[in-house]
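Which chain is which? They are A, B, C and D, in the order written, and residues in each are numbered from 1.
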Amino acid sequence: MDELKIALVGCGMIGKQHIDRIQNRIKGATVVAVCDVFEAGAKAAAEIAGPGTKVYTDSAEAINDPDVNAVVVTTPGQFHKIPILQAIAAGKPVFTEKPLTNTAAECKEIVDAEMASGKHLVQVGFMRRYDRGYNQVKELIDDGKFGAPMILKCTHRADGVAEDYTTAMAVTDTAIHEIDVLPWLINDEWDEVQCIMPKTSSKAHAGLKDPQVMIMKTKTGIVTMLEVNVNCGFGYDINCEVVCENGVINLPCPSFPTVRFANNVSTKIEDNWILRFMDSYDVEIQDWVDHALKGETGGSSAWDGYVASITADALVASQTSGKAEKVVTGGTPDFYKK
Amino acid sequence: MDELKIALVGCGMIGKQHIDRIQNRIKGATVVAVCDVFEAGAKAAAEIAGPGTKVYTDSAEAINDPDVNAVVVTTPGQFHKIPILQAIAAGKPVFTEKPLTNTAAECKEIVDAEMASGKHLVQVGFMRRYDRGYNQVKELIDDGKFGAPMILKCTHRADGVAEDYTTAMAVTDTAIHEIDVLPWLINDEWDEVQCIMPKTSSKAHAGLKDPQVMIMKTKTGIVTMLEVNVNCGFGYDINCEVVCENGVINLPCPSFPTVRFANNVSTKIEDNWILRFMDSYDVEIQDWVDHALKGETGGSSAWDGYVASITADALVASQTSGKAEKVVTGGTPDFYKK
Amino acid sequence: MDELKIALVGCGMIGKQHIDRIQNRIKGATVVAVCDVFEAGAKAAAEIAGPGTKVYTDSAEAINDPDVNAVVVTTPGQFHKIPILQAIAAGKPVFTEKPLTNTAAECKEIVDAEMASGKHLVQVGFMRRYDRGYNQVKELIDDGKFGAPMILKCTHRADGVAEDYTTAMAVTDTAIHEIDVLPWLINDEWDEVQCIMPKTSSKAHAGLKDPQVMIMKTKTGIVTMLEVNVNCGFGYDINCEVVCENGVINLPCPSFPTVRFANNVSTKIEDNWILRFMDSYDVEIQDWVDHALKGETGGSSAWDGYVASITADALVASQTSGKAEKVVTGGTPDFYKK
Amino acid sequence: MDELKIALVGCGMIGKQHIDRIQNRIKGATVVAVCDVFEAGAKAAAEIAGPGTKVYTDSAEAINDPDVNAVVVTTPGQFHKIPILQAIAAGKPVFTEKPLTNTAAECKEIVDAEMASGKHLVQVGFMRRYDRGYNQVKELIDDGKFGAPMILKCTHRADGVAEDYTTAMAVTDTAIHEIDVLPWLINDEWDEVQCIMPKTSSKAHAGLKDPQVMIMKTKTGIVTMLEVNVNCGFGYDINCEVVCENGVINLPCPSFPTVRFANNVSTKIEDNWILRFMDSYDVEIQDWVDHALKGETGGSSAWDGYVASITADALVASQTSGKAEKVVTGGTPDFYKK
């Protein structure tokens, strides 16, 4: 393949961002078709994509268009399964935004379909694996000078959340990023996870337990302590500290000028996740395109998406049980072993 | 009283340091007598204290010397009880290095004796309450602008430990400082504590579990996550992050020049606890002297020392049980309420 | 124009980097021809560019190839003039690495040729104008909250330099970046510049005066103090502090993990300028492509290149005279006013 | 001598602070007499000093009181000379706040008197020599690992100044601290100094040139660039960067908690010089007492005070001449050589 000719399915906010990204900053790919069940949304997206972009309201038609040789899925999570399975059926590479799907059972269907197809076609959009900082940290860990990681301390803080954000979403929408990126970072797998509820913030809306503390142990015994805090009120703040045998490594914060003003030396905290991971999205999509052009996938696989889903289910169970819950995946199939 | 005339009991390393401190930097106090069961040790200490210092090998004699009006106890922890009780019996103010004693039962004896005496005479040397950084953090918390604390994240790292350091000492010798200082910092009391064991460092000597993670909940639901890591290999490193409803406060690190050298911008980490808390010791002893001259005590009381002991016992129990253990103190007696 | 089809002239190190960049990361442009007086060098570059790339040893032929619609000049500075003038003559947009040329007289020839052509065709590769950090600083300055800039403090440090690096090159090769970027940053023009020689580093090779201090005043009276220090031995270290009436703004350092190791908290300093400004080069070339496709130029103009050259000459004169020297440009022609 | 019994002359703000300091935190010294030409001021100071403190309005009487064996001078600078000469005449150690006196001629008189007395009696209160940060920097320089210093970059910023603060006072009141501390820091002497005036801040009151840039060269060729900026509006901010052959050393900032709040990570800048150098004053006075009890002086000598005065005169001359001005001291007398 010389160039990806992409059908993008799901024309909401992140979908439009990816269209702009692909048309203007990604080498080797063009969005040639857009699809949304709401035709108006699809048409608006087509305008961003530029003249000549085809407009669909049915994902099967879009994906099976002979001018299309690759698929990007940016619908809401509960509608991921169908277009992903359609892309697998068509033998076309598919990049889907995270999560793979909303339930472990659906994730399993996709994993099974991909294995049955015999080809690696699915990449899941956990963009942190493409964040420069996480990659710098991984390089330092893999270098060996710091020794084995023993403890991870992470924070995932957001300025605030919408009224419909639930206690479970602290896991499924928020911690899901750490659930995927940390095992990749430390070359390990989750074994047991537990959710502890501290005093709730007076800024959390009624019914929401926020902040939450998640204690997650890997198979080799590395302990992660994760603070999820989605009403912190001071920006979008992601931190990750890796305590190794010989030293400690901290994820860098985004780079902003340091200023002296009003009796403070200060540096800005990023406003939101879109800005925080803007660069990672660019690298991620370019990497997907580069892999897809060679018939490969990069980043998180369908299996990774399934494991993330299983782990999230265990954490959500712990929110109620208060106990540590086991993460049972059944073991990585050979197809997904690296 | 115009001046404290001190008998110092226990002439080891920290004892000699306090003698030097009191003779050269503390206003309103002089060491007039030193005592050690090893006469040679006492004599060496007397030389530091200066000409005319009396030398004792029996603490009762030293404490009851009519020229003495105050006592400093710097023996090993298991020998604290007797000189403290002797000082209480003599009605003389007594500063004892931490811990109050090595068992909760002995601590209780001292608490009971002090209450029976009707006078506040005992101050326990938890020097972190005098650390400038902790006081700056406390001021910011108490100011209210940051809202209620919800989560505390602490690290207590030491370069390395002697061969006789045990898994239990991670609590009784090391975490004991956080056990005392954190409730003071956040105006709360411990409710439940748990010890989690991550992968053990290859640098820990045989039989020692290191690092350890301690999860400690207060009565109002604040959750503390404490990393104890005594073979970290990179210095003595104390951190404390207070996650409040509106912001996050971090304990400052000790102040060293920032240097650019060999492809790094770096700042020194303090070598050991003596240097790290040198200033706090000065402030602590001066504050004890200032209080004692007015017939008062400052800092940690005998009751605080007892509560720390009870809490440490619960954490040590959790090291074996793996479960959260309750901290049961029976409630603060009126005598110790502030 | 739909796509830039580029002839790249000068296949040395930076030339090859731009080929790789354009072929793999830049949207809307392809290198279709490469040119070097050394045919072997051109052929090696053509392999990086990919199959079908034309190979030239004569820049006129390359530039006038009808398949070519844009030019990138990456020869050594003393050979910039001819291909730039050829591109202007051909009416094709040309991006040249800095400096525009090696002498003010040659720069003037290019400026005159471009004005005569009536079209903005020349962009000079001062990549710092595309550095995210400088742009963040500029945004804060332009925002107005900090008030007028009054003093700038800059450092330009390199690990070391080759034996043929001369005292004058501290200006023409090194400070030239600050000479271009600072007036852009603070919306001002140089008025008077002076070079002061401190004690020379024992690490500077014989005959080289290093470090140097440059004091540069703008027309509105802003004073810049620039340390040029090309044998610093600890990496490539660029700093810029803008002292404004109400506050101070510091250019961010590149983002690396902070680590605790061997009694230090440290962060890496970048090794060299290529890595330090890698991202800026990407943004710069993409911006040039985006502008060129619309018949425009971005970044530094030929006039900016000429002014930089005049300013550098004044600084070099001051290296000998020891006095402040005036920067005389004759005023910006209307053609270049923004 | 066992204890300093001090007559303090000049009962203004800094005088009262020193009384409080000496009575409550300094070992080995007591203020036994206070003196001020305004009796009410002296009486107020005596209350701080405590019962039994003698009150004088004539410095000769205070200094010659047989109960007095040491003198502290805290009058305004123009009244320093007389009590210092009286103390020398009485053979009693005298600590004077900076500057030694307001003119080089008066400084010379004191130097001559002290040499004639044959005893080192005078210590000048340049407290920065006692600042922990400057001492840490000096230790790193003297260690040798960083190589020879070549460039110093300093800032001396104050939040704002009173209406009667003049352009000359930027040197005599403000830069005077750097004038004294830097030669001590780098083991060198001033050779030539120059004042450059950038654009004036709109916040400076009419007639005041602020900020100012001072370029100061030492005998061995080290170049200092000092920003004096006394209307910065964001606190009291002292920085010092030492560029050495192998690395760069930065003076630490005062230690405050780092906080996350309102989209910023920030650390407080100290409000004013009293708080910034509070600790240094304590160390300074204790060191003077410790020296005086042994018949010695520490810190800055009368000769250092004289040299600072000569240097300040040269800088003030340059404020008008715009040229570099030589610092001519005539060479350190043997009496003051270390």
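Observations on the structure shown:
Please note the rule applied: contacts are C-beta pairs under 8 Å (C-beta built on N, C-alpha and C of every residue); 3 or more make two chains touch, one makes a residue touch a chain.
Labels paired with UniProt names: A, B, C, D = Inositol 2-dehydrogenase/D-chiro-inositol 3-dehydrogenase.
These numbers come from a predicted model, not from an experiment.
Residue-number overlap of contact pairs with C-D passes half for only one option from A-B, B-D or A-C: A-B. By number of C-beta pairs in contact, A-B leads over the other of A-D and A-B. Each chain gets a centre from the mean of its Cα atoms; for subunit B and subunit D, those two points are 38 Å apart. Rounded to whole angstrom units, the spacing between the C-alpha centres of subunit A and subunit D is 58. Subunit A and subunit B have centres, each the mean of its CA atoms, that are 45 Å apart.
Residue positions 232-234, 246-248, 253, 260-262, 267 of subunit D each touch two or more of the other chains.
If you check the complex, the residues on subunit D that touch subunit B are 23-27, 132-133, 136-137, 140, 145-146, 246-262, 267, 286.
Chain contact summary for the complex, subunit B toward subunit C: residues 232-235, 237, 253, 260-269, 271.
Across the interface of their complex, subunit B is touched by residues 147-148, 150-151, 153, 196-203, 211, 213, 215, 217, 220-223, 225, 227, 229, 232-234, 243, 245-248 of subunit A.
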